[in-house]
Every structure is written in C-alpha cells, then in structure tokens.
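Each in structure tokens, the structures are laid out below.
You will see two complexes here that share subunit A, one where it goes with subunit B and one where it goes with subunit C.
Let's turn to the complex of A and B:
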C-alpha cells in the first residue's frame, strides 16, 4: 500500500507507551520517584479521572482564554513546519493538535461543551489509550516553537496549551521515555545530564588549565562559590559532558574583559526540563537552584550561557514556576559579549571569521525571550560576511529539535521529515557557518545538516568571538 | 408596519439583547474566575506597549506572516467584520432612527458593506468546506455560525431600505435572525470577539514585558534591558 502523508500522523499516534525506564527507576529506588516528585504510570484505570481533576486544578486564565478563543480559522497551519511539510495530513495543523486538549476542556469545563458536546466537538478521553494518543500528539508532533502563537489572529497560545497538556500527562507518568529519564536526572542530580559534582569540578579545572596554557598566564581562574562577584555564570550540562570548549572560550573572554565572576558548586544548570515536560514543580526546583545560588553568593547578576530554553527558563519562566519575583538581574552571555565589545574591552578582528555566517534565532530566545538584536550586533563585529536567513528573528523556523524532541528517539524520523523546510531555509543562505546561541539548536541543526547533506557547520557566538579575539 | 414586525423589532430584540448581556456577564465572570498569570521577571520591555501592539494586530496586516502572505484572506476578514458592524448598526437604526435610512446614499452604503460581507462569508464557507484541514477541525457550530451569518447579511441587504409597506418579509427575516444571534452567539464560536481583547491584551502584556513586542525593527537600537548594569 502506498504510504500517504495522511497516514504519517497515524503512525505517530499509535506509538505505544513504553514504561521500561519507569520500572527501572522504581527498581533503582530513584529518590524523585520514591518521594513522589516524578510520577510513574499506574495502570489502574483511573488515569482519566486524575487527568480531569488536574485539568481543573491547574487551569489558569491565560490557558482558559486560549482554550475558548480559537475560531478554527486555520491560519496557524501555514506557520507550523509539521503542517507545511505534511499539507495533506489534517492532524498536523496546530489547531488540530490543540483541539485534542481543547475538546476535553470544553467537555469538562465549558458550558456549551457540557450541554451539547457534539455541537462543539467536546469529548472526554475514554481510557489510557486515548491519553497515550494525546501524549504522542503533545510530545511527538510539536516542538512548542510558538510560531503558531505568533501567527494566530486571536492570540491563542497553542504552544502554551501543548505544554499544559504535557504537564498533565507527566503527572500521570504517560510520557516518552526520554522525558522521564531526563526529568529523573534533573530531579535527582540537579542537572539534566546527571553530571556529578566531581565531574563538573574536574571539567572546569581542565578548561581553566587549557586557557592558562593558551594565554600563558596563571592569572586565569574559574572561581567556584566565590562571594560578591559581579556575576554568577550558569551553564548547560551539555557543555560539561560533551563540549567543554564553550566553557574554555567563556573563561578566556571573561578574563580578557577583566570581569569578576564565579560559578556555583550547586545550582549551575541553566537548563530546565520542566519547560519541556510541562512539570512546573521541576521547573521551580531547577530555577530556584540557580536563583538561590545567586542569592547565597551575593552575585550582582546572573549570566546565562548560550542556551535557548535555559535562557527562557532562567530569565523568564522560572520566576513564575518558583513563585518568586526576580531580585537579581540576569542576562544572556551574548548580551554581556555585546557590551564588552561595545565598550572596547574586547578587541576583535572580523577577518578571522571570513566564511559566510548566518544566524539561527532560537525559538525560546527570540519568540519568548525578546533577544534578537544583540547576537546580530556581535556577529557583525566579529564576522566579515554575516548574512540573514529568511525568515528570521521572531519569524524564524524552529531547528526542529526544540521542545525536548531531541530526547525522544521515537519521534526522530518524523522530526527529520518535518525538518525539510529548515534544510531549505539554511541552504538558501549560501552560508558555510550557521551560528546559534542554543545548545539544543546545535544538536537540532546538526541533525538537519547531516540528514539533508548540507555543506554547513554549526557554531556558537562565543566560538566566533573567541576566534576573532586579538589577544 | 404590522404588529408582529413591531414587536419583533422592539420588545423581542430588547429581551434577546438583555439575555445576551446577562450571558456575556456570566461568561466574563467565568473567564475571570480563573487564576491570572503574571510576569515575575524584571521587565525588559514595556508591557503596555506590547498590549497595545497586540490589540492593534487586527489593523496591522503586515505584523503577522500568516496574514501578510494572504492579503485576500485579510480583505475578506475586513469586509466580513465591517459587514457585522454595519448589520448590527442597522438593527438599531431601523427601529430607533429610521430617518437615517430615508437617505438613499446611506442605504446604498450599508447595502454595499453588508453585501460585500455576505460575499466574504460565502467565500469563507467555501474555504471551510473545500479545505480538508479545516474540515477536520470544523464542528457543527463552525458551519452553522457562518451559514447563519451569510443569511443574516443577505437579509440585511434587503432589509436596510426599511420599506415595510413594500413587504415585510426581508425585515421579519432580518430581525428573526438578529434575535437568533442575540441568543445563540454567547454559546457559539461567534463570541470570540468577547474574548479577543482579553487574549490579545494578556499575550501582548507578557510579550511586551519581555521586550518581544512590539518587534524590534532591524537596525533600530533596542532599549537596554532592565537590571543590566550601567
């Protein structure tokens, strides 16, 4: 039988719930599972009731407005990379995905849906199979890039509804394995890659020594838990585990800029899987670790390394999750870089970055973080051939690995199919380097580049600044 | 004017209007009873400007890529909603200021606007029926709402000359449909206009606070974020 694109979503919707790692976590007596902070699946037939109870309990005004405000105009379909790549599949449109939770809301909470459900398409999930299908939509067919939100004439935050749905399902243990595993690591180790304190400190010491050798001075240091510094630097665990070069680049630049800074022994992870899993409690826990570290060390501000969802979580969402008002200012390291360049504290030669460079705006930074111009100003200072991709800034397409999709292997094939639009966008720039200020985007873009055989290399802002430095 | 039409234009409309107002108040109370969400991070932009930008979105066809790429869709949207305003205005002019519709030019203007809206409505219905992605998310309410609006506009075009002596059919149809809408709208998708300012205001405030909206134009300096050391 010829496979049509319409059947593509069906294949995803039918993916079963895999609870093997949940069973392992129970067998390992993982503290977060033992203490009930991370839910595991309970096949007792009561998940639908629990789901509905949580739906009522967690509903807020913003979500309720997005639930009720959609007029089914369908304009969002032209903004979603899934819907654009699979135009024959009605289930790929943002409105169709959001309607899966909207119809439950209408049946459970909205008047019309309670009185005449068939009239407005209101329907409760029947059983765990329905919830599993909802899981596959919320986690597998949306990267929560928020492009549809920005293209909705009503202002419906479909990505917000998707995150809300994810959160409800996470509370029932009806989640992809990847989401469960990373959440477990972040709950139990304070960072999403399960990096131990010894590994963290050892990697930092290694990078410090590398920079000392490069600059030929022992004055270079990575102060740990130092009180009263100008800023606290928090990073993505990926930098420790897979690519510590970015730490070395940052250390070198901070030293040359003459900054007073520190890194915390605990609370150094700026990433936050609560954003992806929809688990506000995890979000609060991780964000609070950073905020508490800054308060404990009396840092004057928090500087967040290049990470899209880390920036959004630490700079914006974390305060809401943790229920605290921001007291210590925070900024992305790219903002710091831009300031140091502007103030002449860093001297650079753009000819050292002669290859054509384009910039990929991370969804979480551009659409949810309000940071679009600073990276461009930096790139224009340190590169000799900077070119925009189209569309850009808040209209840019997702790297297609956002929303935690990189951790969910079961959705990888469809993610890469949907990435064809990103591949075309990258290719059209004619650039040889694509720069992004997000570790998630690095992996997402590398996947796209490899899958579509593009002649491109992914770099970060720190890397290009480092290369252009006149020491 | 027959007593039936007289009652329909006056008492029935007032009762239905009062009903709609009550249900709207209840709807708003229901929406507002949900816990509000607020930004707790230090502001990087202006929440008020963001809200203003969001609320003005309806008049900024260049602001959204989805609209920018579909100028005809925007034109339809504009005509359709201008027609709504004109038709609703006509339901008040006919019983309370009929003198206005004695001027041929005014009648013609209303007929053109409402007629164009009727045409836009038909195009919208065709789009909903022919686009399988739209069909997949369309419910009976979606179809009935647009169908009744088309009929309402059609009746409106015929009713605005307001000549009951030449036959009351168009006026009766127009006011029956008006009464129907006044009762039905609060329960249908048509009440989206009630939510529109709240949704856009909320989204705009949040994105304005974060410095996302209004968008920074390339080349324009953005304001230094709050909390950034001097």
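Let's turn to the complex of A and C:
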C-alpha cells in the first residue's frame, strides 16, 4: 500500500520538461522572449549555478524566516489536501515539498548547512534533472492554496516558499508549458488570452445590446475610457473570450443600481499569472496596467470581477510588485453588490433562487484576501436556502484547480485524485448549487463534479443576484 | 497518455480530453469526443454548424475564436451554444472541433 502511493508521487516527479511552446515562441520572435522578459530553457545554461545565484539575490528576511523556522512538527500535513488523500506518501506533505528548497538554502546560504551538510540534510541540486524534479513539486504537487501556511504554529509560509521556488525556475525557463504560454500572452498582449482591442470592444458592444434588449431601454451603456467615474470595472479575459454572460449580468446590475462606471481600453485584465509563476516582474506589469488605467481615467475605485487570483493580485499583491501606493482603492464586485443590496439600490426576491445553495470560498479571496462575510450576506439576501459547507471561510479546501493548475494538463490526474476530499465536502452539504466568486474555481469545481459524478451545478454570485432581481 | 478509440484506431488525447495532435481530427473523432467528453450521443446539424466554424477558424488563424464570432457565424445565441455544448465554448465546442486546449484560466 505504502509502496503504491509513494510511486504515485514518483510518477509526477519524473514528468519531463516540455519546451515545444518555448521553441515556438522563439520561432515567432515573441517580443517578451526576444527582449528577455520571459526566459526560455537553455540546456547548456549552467542552470544550477544560475539557480543558486538567483536564490541568494532574491532572499529576504521574510523568506529566510520560513526557511529556518520549520520545526518539522508535521501539523501542515493535516491541512494539505494532497497529504490527507495520500497519507502514506511523505512526499505529499507541505513540509516535504518545502524541504526541497530548504535543503538547497541550507547548503548554499545557512552556516549550519555549509559546515555540516550531512547533519542538517543540506544538499545542492546536482543537475537540470534535479531542477526539473523541483519544478514538478512546486508546480505539480501544490495548488498554492496556503492552507498549510495558515495552520503552521511557527508562522512558516510554506506557500510563500513554493512561489519563491516557482519564480527561480521560471527565470530559467524550467516551467510548465501552460504557465509559459499564458505568461507570454500577458507580456505581449496585456491580457492572458491574447484578445485584441477590437475583439474586446466588439464583445462589450454585443453584451450592451443584449442587456438593452432585455431591459427594453437604450439607456444601458458600457462606457469605455470615460473620465471621472465612480469606478473602473476590470475582468477576467475568459469573460470576454468564452463566457461573457457574467459581463451582461454585471452591466445590467450596474445600470439598475444607477452607478457611474467605465471599462478601460487598456488595462482591463484583472488576472495575473505572475502570482502563479512567481515572476514579480510580470506581476508588476499586469497589475500596473490596471492601476495606470484607474489613474489615467481618474476613477474613484477599482472594482474587480469575480476572479480569485485576480482579486488577490489586483487588490493586494500587485501594489507591492509594482512598487506603488494604493492611491485608488480597489474592491471585489461582491463587496459592491453587498453595499447596493444593503442600501436598497437593488431589489431582490430570494424565492427566485429556491434550490439549496452552498458557498465555496476561493483560497485567494478568503485565505489570502480576507474577504469572507460579504458574499454570505449577499447570498442570504438573494437565495432562500443557503447552507455552509464544512470547513468554510479561511479553512475551506481548495477547489483543487488553484495555483495555475488548471492551465497545466499534465498534473490533472493527480489533482483529481487529491480532490476526493473536496468531493466529499461538497456532497455532504446536500446542496444543488455551489456558488463561488472565482472563475478558476468554476472550472476546478466542475472538474471535481464531473470526475466524482456529483449532482451539483456551479454558479457565481452575479448570476444568483441577477436571477433574484426585481426589475 | 490517455487514448480514445475511434473505428478501432487509437487516438491520443491529453489528460483533459483535448486532441494531442490537432491535425489528426476528423468527423468520427469529433463524434467520439462528443460521446466521451460531453455526453452527446449524436451530433446534430446545429452542433456541426458550430464545430465546422471553429475548425475552419482554427486552421486559418491557429487560434480559438472569440465566442462572439461563434455566435455571429452560427446565428445562435450564447444560451443556445451552452445548450448545445454543456461544457461551454472552450471545453466543449473547441474540444470537439479538435483544437488544442486553450491557454489560460479555462
């Protein structure tokens, strides 16, 4: 039994580095690759030495504390869905994953590891195969949900160490294809799906016309680049490219609430693969596009659509990456919805959402964003049968597709196995609808529902509010 | 790597059910993907209208079309697209049209 599950993590550790799309980006002369913003893998690139040099260069006090503070108590194992689902495989515990970077830190930077490496388990990576294995741990066996970080009695930020490791590997091009491709699109087009300005504007006009028809008034508008509005609305590119229903719902609600708002021509992508890849420079570029748009248009607030990592990046992390003061406040659209409902600016009938609904807290919104009560207050007003799942809020389990895992197909089988705990948690609620305020969680939860044959449908807060609206 | 069996021949798909080699696509593969991935027993002419447009767009541009373009070309509403392909345009229609997995949060 032990043997079987240990070999399960082994299968992931051995996954090779796929550089086909890196080669394509070079052949296409992608500007971000040509100009060195996005690294590609160099087989003869002295990668171990470069890795160690970057490790020293980027080390800071906060990371060093997490490198040295761990007492190997093992409590983190109880908080990680991988470790809970594979209890016989020590490689699945957060501490084992973090130890892979910790032992390199010890050998390279910590005096104990330099004097007595055998004593403290310090060891440098020997070659690129070791770095590839590290890639498979940092990207493939962790959804960066931060549940272990929250539950560490020593305050060790294991998820922070994972992101740091990801960043070092991204700088060497030792990175999963999915992360590379999206980083390329964000660098070169300003949005993660490579949507052109013309396509963006055309889809917005389409949604505006749909809402005009629905409400029977031409007063509905989506103002583009309008100066001095109360808020600037920024979205996840998948809303534009594949599923603009959420844009329609937002436009309708903003109109009924009588809001003065605008969307920017440039700087409209609230998502940020810099968070997933560990590349702070990409993080700064994408977040700053949004902040610049708000400043340029003199918007009083930035409102972020229902996206988990987009919320965390734009609301919290982005200011640090971009080295920027928070001159313009930012908030989730769910916070705005809660306010409009409370102020009576939207009238709703909860009986229109009669099916039992539960709420899934996105890791990046609840654990990493501190936003837990507003969505509940909204759901309690617009649904007649709201049920909590257990655990919830900052202790909720990840949808299991977080941390960029949705974009990395090679790690899908293991994440779906590790999702059995999520499936049981969802099933126990007896709900028919699971509501989440994150686009990533929609797909993560849909994967779990399909894989475990659950009788559940995923919805978002805007969708439920829209359905309950009394127009 | 998982495989799909079409007319007795194995076809490689990735872990998410997208074709590994988009070039090897044909109508029988689309039908098999429809059964396996979307639970669609038969692909109706309406399904084909969407699939054919997406396939043609992909061959020309090497990209998945915006759902706006899919609706314009097929004359279907967004709601109708979701009725035809329960997993939506990206994970449903594009997959059946033999496109590689679209990049990003999908």
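Rule of thumb we're sticking to: the second predicted complex is superposed on the first by the 467 of 471 C-alpha atoms of A that agree within 3 Å, B and C clash if a C-alpha of one lies under 4 Å from a C-alpha of the other, contacts with A are read in each partner's own complex, and residues count from 1 in each chain.
Everything below uses one rule, namely that a residue touches a chain if its C-beta (ideal position, glycine included) is under 8 Å from a C-beta of that chain, and two chains touch if they have at least 3 such contacts.
From a predicted model like this one, the values you see are computed outputs, not experimental measurements.
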- Query: So, A:83: does it touch subunit B (first), subunit C (second), both, or neither?
  - Reply: first
- Item | Contacts of A:238 with subunit B and subunit C, given as first, second, both or neither | second
- Item | Which partner, subunit B or subunit C, touches more subunit A residues | B
- Report for A:178: first if it touches subunit B alone, second if subunit C alone, otherwise both or neither. second
- Query: When the two structures are overlaid on chain A, which partner does A:331 contact: first (subunit B), second (subunit C), both, or neither?
  - Reply: first
- Message: On the A-aligned overlay, A:440 touches which partner chain: subunit B = first, subunit C = second, or both, or neither?
- Response: second
- Message: Touch test for A:193: subunit B only (first), subunit C only (second), both, or neither?
- Response: second
- Query: A:391 contacts which: subunit B (first), subunit C (second), both, neither?
  - Reply: first
- For A:13, decide between first (touching subunit B), second (touching subunit C), both and neither. neither
- Set intersection of subunit A contacts, subunit C complex versus subunit B complex: none
- Contacting residues of subunit B [partner subunit A, same complex]: 30-32, 34-42, 44-45, 54, 57-58, 64-67, 69-70, 73, 77, 131-142, 187-189, 192, 195-196, 198-200, 202-204, 206-207, 210-212, 215-216, 218, 221-222, 225-229
- Item | subunit B contact footprint on subunit A (complex, rising order) | 59-66, 68-72, 74-79, 83, 87-88, 90-91, 93, 95-96, 99, 111-112, 115, 118-121, 149-157, 230, 300-301, 315-316, 319-320, 323-326, 329-331, 335, 339, 366-374, 376, 391, 393-395
- Message: Can you tell me which positions in subunit A touch subunit C when the two form their complex?
- Response: 178, 181-182, 185, 192-195, 199, 202-203, 206, 210, 236-238, 240-245, 271, 307, 406-407, 409-410, 412-413, 439-440, 443, 446
- Note on the structure: Given the complex, residues on subunit C that touch subunit A span 14-16, 18, 63-64, 66-68, 71, 78, 87-91, 101-106
